[in-house]
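Let me give you the structure first, and then I'll get to my questions.
So that you can tell them apart, the chains are marked A, B, C and D in the order they are listed, and the count of residues begins at 1 in each.
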Amino acid sequence: MLALIPVRKGALPAGAQECVDEAGGRAWVIGEETSLASDQLTAEYIWTAEVGPFSPARWASALTRAVHQEDVIILPASPDGRDLAPRLAHVLGRPLLARAILIRPDRVITLSMGTKLMYEVSPSAPFVATLEPGSRGTDPRARAGKPALVHELTLDLGDEPDPKVSEVLPPDPASMDLSEAQRILAAGAGLGSAEACELLGRVAVALGASVGATRVVTDAGWLPHYRQIGTTGVSVHPSIYIALGISGAVQHIGGIGEPAHIVAVNVDPSCPMMAMADLAIVSDAPSLLRALATRLGVEIHE
Amino acid sequence: MEPAPVMVAVALKNISQDTRIDALTGEVERDEPSSALSRADQAALEWALRLAGIWSGGLAALTAGRRPSERVLRTALAAGASRALRVDLAPERPSEAVARALAAGIERLGAQVVICGDMSPDRGSGSVPAYLAAHLSAAQGLGLLDIKPDSSGRAKLQAWRRLDGGRRELLTLHPPCVLSVEGSSAVLRRSSLPAVLATSSGALPIEVMTPAEPTPGPAELMAVGAKTMPFRPRTHLIAPPDPSLDPLQRVIALTGATSDHAPAKTVVADPQVGADSLLDALRSWGELQE
Amino acid sequence: MTTNGRLPLLFSPLELGPVTVRNRIVFAAHLTNYATNGLPSAQHAAYYQARAAGGAGLIITEEHSVHPTDWPYEKLIHGFRPEVVEGYRRITDAVHGHNTPIFAQINHNGGQASGMYSRLPVWAPSPVADPLFREVPKELEEREIKEIVEGYALVASHCMEGGFDGIELQCSHSSIVRGFLSPATNLRTDRYGGSLANRARLLLEITAAVRKRIGFRLALGVRLCGDELIEGGTTIDDAVEVAKMVQEQGLVDYVNTSIGVATASLFMIEASMHIPPGYSLFIPSAIRNAIDLPVVGVGRFKDPVQAERALQHGYCDLVGAVRAQIADPDFASKARVGLVDDIRLCLSCNQECVGRMGLNRWLGCIENPRAGKEELPAYPKEISPKNIVVVGAGPAGMQAAITSAERGHSVVILERDDRPGGQIRLAASVPSRAELGDLIRNQIAACARSGVEIRCGVNAGVEEVMDLRPDAVIIATGSLPNLPPWAPPYQLGGSKEETAPEFGSNSPRAGLDGNGPIGPLCADVCHVLDGTAVPTGRVLVIDELGFHQATSVAELLADRGCAVEIATPAMVVGQDLGITLDMESWNIRAAAKGITQSTDLVAIGFDATTVHLLHHPTGTIYRREVDWVVLAVPPIPEETLYYSLRQRSPKLELHRVGDCLAPRRAHAAVIDGDRIAARL
Amino acid sequence: MSDIKGPPPLNESQRSLGYVVPNTRSLQSEHDGASCDVAVVGAGPAGSAAALVLARDGWSVCLLERGSYPGSKNMYGGVIYPRVLDGLLPNWREDMPVQRWVTRRATMVMTETQSLTLDYRTSAWGSPPYNGATSFRPELDRWLAGKAVEAGAVLVEATTATGLLRDPSSGAICGVRTDRPDGDLRARIVIACDGVNSFLAKEAGLYKNLDPSNYTLGIKEVLSLPSKTIEDRFGLSPGQGADFEILGCTGGIPGGGFLYTNLDSLAVGVVVRLPELAASARRPEELVTELKAHPGIAPLVRDGELIEYSAHLIPEGGLDMMPELVCDGLLVAGDAAAMCLAAGIWLEGVNFAIGSGAAAGEAASQALASGSSNARALAGYRDRLESNFVLADHRKLRRAPHLVLSKRMQLSYPQLMCNLMEGVFTVENPSPKPGLTKLVLREAKRSGVSLTELLSDAWTAFRTFG
């Protein structure tokens, strides 16, 4: 079993470590800045191939010879893994078992109908599979191990047609998935209005932060529902969390992860959010937001 | 010089929306009458209409399936497709076989750009477009968020694709190519009433082709003995407290009773001063980009 | 419009051997003290029926003893007596009326008991005294082991006769089986001791005997402990191995899980709000990873969304939600139809459920005054509704209002503060106590649902009340801090930024006789929590209440960087924290935060810089040099309005509830409110 | 985002294809839009019945439905009396989607703690020709619309009629406007079957007085239960169903309740008058919850799991509220014409909808054949309704809504009747039982009903239902 991990500029795709664990610690890392990516993996053996930007058709045909002896090849069902896997299965003439949540040489379980159904197959021949990120988790006990043995290999690419990557745009805090945001500026009922939430959005851009909210705020329609953080919303894992006018109900706190730093702004010094904060500012949140906007050069529409 | 016209094809799948799953056995019951297009296929049809409008090579809609699937071709015709083709195929075939059938259809149509929805709600592997590209020896641009045709009118386009970690990439593609789009990338236009009426009943000019006797693909050889069952998530392990610690230390590890938390600093301040202290704090934590 | 889209796994059925549960919510086993004379009571039947009606997927009863040597607490059900069957029938009929399966938990507590009630020696694998009962048990001989195994089979047959759908063997936190499994209590050298396989022998003999007796029409489950959290006890690796053995034996249909040992680490079993939700999920996750049988995860499941998450991550296949369903019997059905917000969330306060068990009282709930009283008829609806005015929106006033409104009266609450909650808002504002605030949140929501109007910002006097032309008035004005005679006067009005203000020459703060020495700065707990006093530097907290007041404020101040000592006249600080299982975690946190705890000390006076403490067992007087003294001392009722109204209109129907009647705790306030409203 | 604007649909190539059009008599798609003989708006029971009749007669019919399929947005209690289909679809028994055949019909009168049931059971209704049936609306509506399509009607889904087209010179209605591009649909006759609150009938000016007190709100829960349990509890054989109508269960708000058996679920709900509901400040779902908790109902619905909750307005003023039924170029049928009998204890609407829809179809067909579509040519519609059961029933029950919804009927009588029964059945030996008349008078007095009122209501009831 072998995990095949496509990387971009040293960045691992979602679910990479899970694939390596599922494959028993053997991984091929292919793409750009592969050694940087390998350093972030816990594995036993890693083969790297430095082949430049993502190129599914060319990579697939170049890999044919290199991996055809592996009976099971596992890719993450990340955007790049999903692109590459069928091309590889095609050139190898093997079946593709997509969206698997469990991969053993003789037993594979895949998902269908969203996540409503599982489909269990008992493969009798070599195959390619993609592993749904998050379906396995990583073994928390197996995390600390000795460093992997890394072999660098070279692959010659052919000239199969592939699109040209003109540009990779970095994550935009304003539009990125909240669950991946590093800094969050969150709105609570104490912010008081849709207008204030709109300003919050622009202040967040100036701070390089993503916007979050409590359910009171999303229910009021001041911010869209996918901005809601908490047990019934998104779980986030930021390193810094700034809470404006948030009381700190357990259902909200339950979703904010363990930020290294919390700032709370509230008129009530004794609410739980203030008790949790590293810096608790007893102040009027909408006014403080405007003061912040002024300092950051963000325009305030009256 | 007028660029040569490019024919666009859109591959559509007839899906059943009334699907019930027995939560104990995993049996699937499907109801045919209300089957229709998925959100992603609707977006694909809309993009196909837009591109065909620009490249003026016509738009062909195709589907692989049995007769009831023609329903999706009616929708495409009502929306403005100029040709409709059904490749006769048994239901529930694996992606690779579907792609092979579609590829045969596309070769017959002579389309240079093929658009699909990024994944179907039932099987949902998203691999048909990639297989299709492989069969057609075409470039693939999958899971697209937005498409921008070249302003010169030549059949060249730029497309944005979602990557993980919130990143996106911008691709440049030329025909022949296979694109798949996310459901949120476009909203299918409403067809005009006359067009809907014309396609709502009666015989339509839908071409049908039967692909060469399909050899069973690799997946089909393997699917023998497969079974479905209701979703039972795989176990995620949670790290237990280190058994080598003494019991009190294990309790502490489990309860987080003593997790480090910098002592809180509370300031009572007017908003201006408050804003300053907030920014100062961010600066001191190295969290402010200046 | 089912919620199946949102909580798909929680509301999907599952097979536990021959039994199909309709959802994954289990009302796991727990002692209720409802038994009378060792037999199940009508109270039991009504209690379980209410949870079945509320949609629980599976109910597991409290333990039934399998042998006369097992009687650790008074109100244990003696499953080995044939008379139990009638009571079993009453329970199972009531629950089956709602198509809900019900299992019986059967057990022998082994050495975790005393002979107090049975007047027999207790039986255990080895003569190792239990830390709580401190009684050396009799080491079992093989024939006695057989007798125990036979006892399990006998009780299983009683259960089968009584209509149960399954049997659960409690092998987890207080059980002779646990005693055998654990190297800490099993020192045997025969075939029941030594290797894990030997230690598990009794368990497997019992499963075999029980299965033989019940056949395959009933389900059989085993509850295992994933970490005893005691010196030399079992840990997760043993639990996983035992679970594998159980699965291999092929006689068991599911595995339930638990953590801790009831007589040593009970606070980890019935965890209070200080212990984070999900703390014990590593156990089902490890077991489920190793076996294919359905696994139940238990411990602080508070809301259905959290439960769904645990299922989605595959930590477990079912969730035990005990206190969640004590607090709100309709937990499951509300979740099912999407009324997640209407669920009265359990606070994990342990005050009326666990707390009353330790005191040998029947089980109740701080939030649900009807818990334990399900067999009594519902309060009658009022035919001629009255106008009722309630003053004070603390827990007492709000409960009085809710119950009145539910009975049909029209109710207005007047509240002085700008929001409801009373002292609970303060109580919930300190680290890790936030969940106590759900009491208020739940009450506010119930007020809204039952049509109670809450008018905040009204400082009610006689006029304000009488202007509303009430037919009846309920005073729930709570209590006020009370400065004891020995203490320095309060120093209020400081802001948090400031350090201790300089002693101004014009600040007339006097000692005992009115012009004595100026002492350390002084405040009540309430002043610290509402921000009117901001102690800094060295702080002495006086704990005369023995509950969370002193410990909470001590933690808060320690977090803020103060050097804190708590002194109490009692033998331990926070005397009653033991009852709610908060003692152990408090001690851990206090140690980590450097809080000093001093006991047997009575505060008796002060001078310019010190507080005088009398060590009462010895009569020694100590002087503590401090900047601040913070008082957690008995408050006085705020009863002015009550007496003014009494005087003004003697004929008016007037009641007092909660702290303003007699300052106690929130559960008493809620019960007062409910009781008075039932009579209006 | 991309800056391409959607080009207009490729009408060019499309038109060149020369579609084969059904019922070629006059359905056209030309540059200036579409047209047909009859546009039927709303593919509920009324609309589908009308379309079916017209298509059979060979007219080109467009059946417009705003939902993504017929029935996708519709709700009702759950019982239909499909005998009305005998003439229209003689074979309906073979393929109509039925949950259970009703063999037990009960009327319950209740107070908070008591209940009295008039229970009629007959196994005769369990076999052809049957009487009532329980059925799911999405299935039923889809089935009936399917019949119209088989007959040649064109069903256009996901299309909302947004207004009426009028002939500029005569002012007569000559089609509908829809929410689609090029959405005008010209038609010689429009039949409005767009359900309660008919927007088309109002736009046409057919409703004279719109009084909110003529509307009730229906609230329904569907509770799932195994079919075996349903049969045991209701004393039914497999395939058979029960239908309960309930009075006195709506917490003092005028209205009534219902309880029906589906195959493996129950429909339970209440129908209450709007103004009183608003004044009571009660949440509608509470009323259903209370009904379910009533000692007379609780054992029947016990452990049913809630799988669906819905609410819908019902017109129920009876004949007095009905609008004008025709004007030049337009007919109104079904709920759109307030032809629903749901005065608390009956919930009949689908049968009237089908009956009136079919009648509208026949009238339209006749008018088309005569070459005219003005109000006079369409007047045959009213006659048909008068002669068939639709208006006859409504005329007969003209006073029913007022009686059933009166305070006496809602509050006093249930109390009276229940107490009466308690008096009759309570054994007070050895003291002698009072005579029945004496009991009636005693109870009437206790319930605050005067003898004159009692007699007058009895008379009205006799005239109404007798």
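Some notes on this structure:
Just so we're on the same page, a residue touches a chain if its C-beta (ideal position, glycine included) is under 8 Å from a C-beta of that chain, and two chains touch if they have at least 3 such contacts.
Please read all numbers here as calculations on a predicted model, not as lab measurements.
The interface with the largest number of contacting C-beta pairs joins chains A-B. With centres defined as mean CA coordinates, chain C is found 38 Å away from chain A.
For this pair, chain C with chain D, the centres built from the Cα atoms lie 52 Å apart. For the pair chain B and chain C, the distance between C-alpha centroids works out to 49 Å. Touching two or more other chains at once are residues 8, 313, 496 of chain C. Under the contact definition stated at the top, not a single residue of chain D touches 2 or more other chains. Residue positions 230-234, 236-240, 261, 264, 266-269 of chain B are each in touch with at least two other chains.
Contact between chains, per the stated criterion, is found for A-B, A-C, B-C, B-D, C-D.
Interface of chain B with chain A (complex): residues 19, 21, 26, 28, 94-96, 121-127, 130-131, 133-135, 137-143, 158-159, 161-173, 176-177, 217-219, 221-223, 225-234, 236-240, 261-262, 264-272, 274-279, 281-282, 285, 287-289. Within the complex formed with chain D, the chain B residues making contact are 33-34, 36, 46, 49-50, 52-54, 58-59, 77, 79-82, 146-149, 189-205.
Here chain C touches chain B in the complex through residues 8-9, 12-15, 20, 226-231, 233, 235-237, 265, 268, 274-276, 279-283, 285-286, 288-289, 311-315, 317, 495-497, 559-561, 584-585, 588-589, 592-593, going by the rule given at the top.
Touching chain D in their complex are the following residues of chain C: 1-2, 22, 52-53, 55, 97-100, 333, 336-337, 381, 451.
Interface of chain D with chain B (complex): residues 1-4, 6-11, 13-14, 17, 19-22, 27, 29-30, 33-34, 36, 62, 68-69, 142, 146, 149, 152, 154-156, 159, 178-185.
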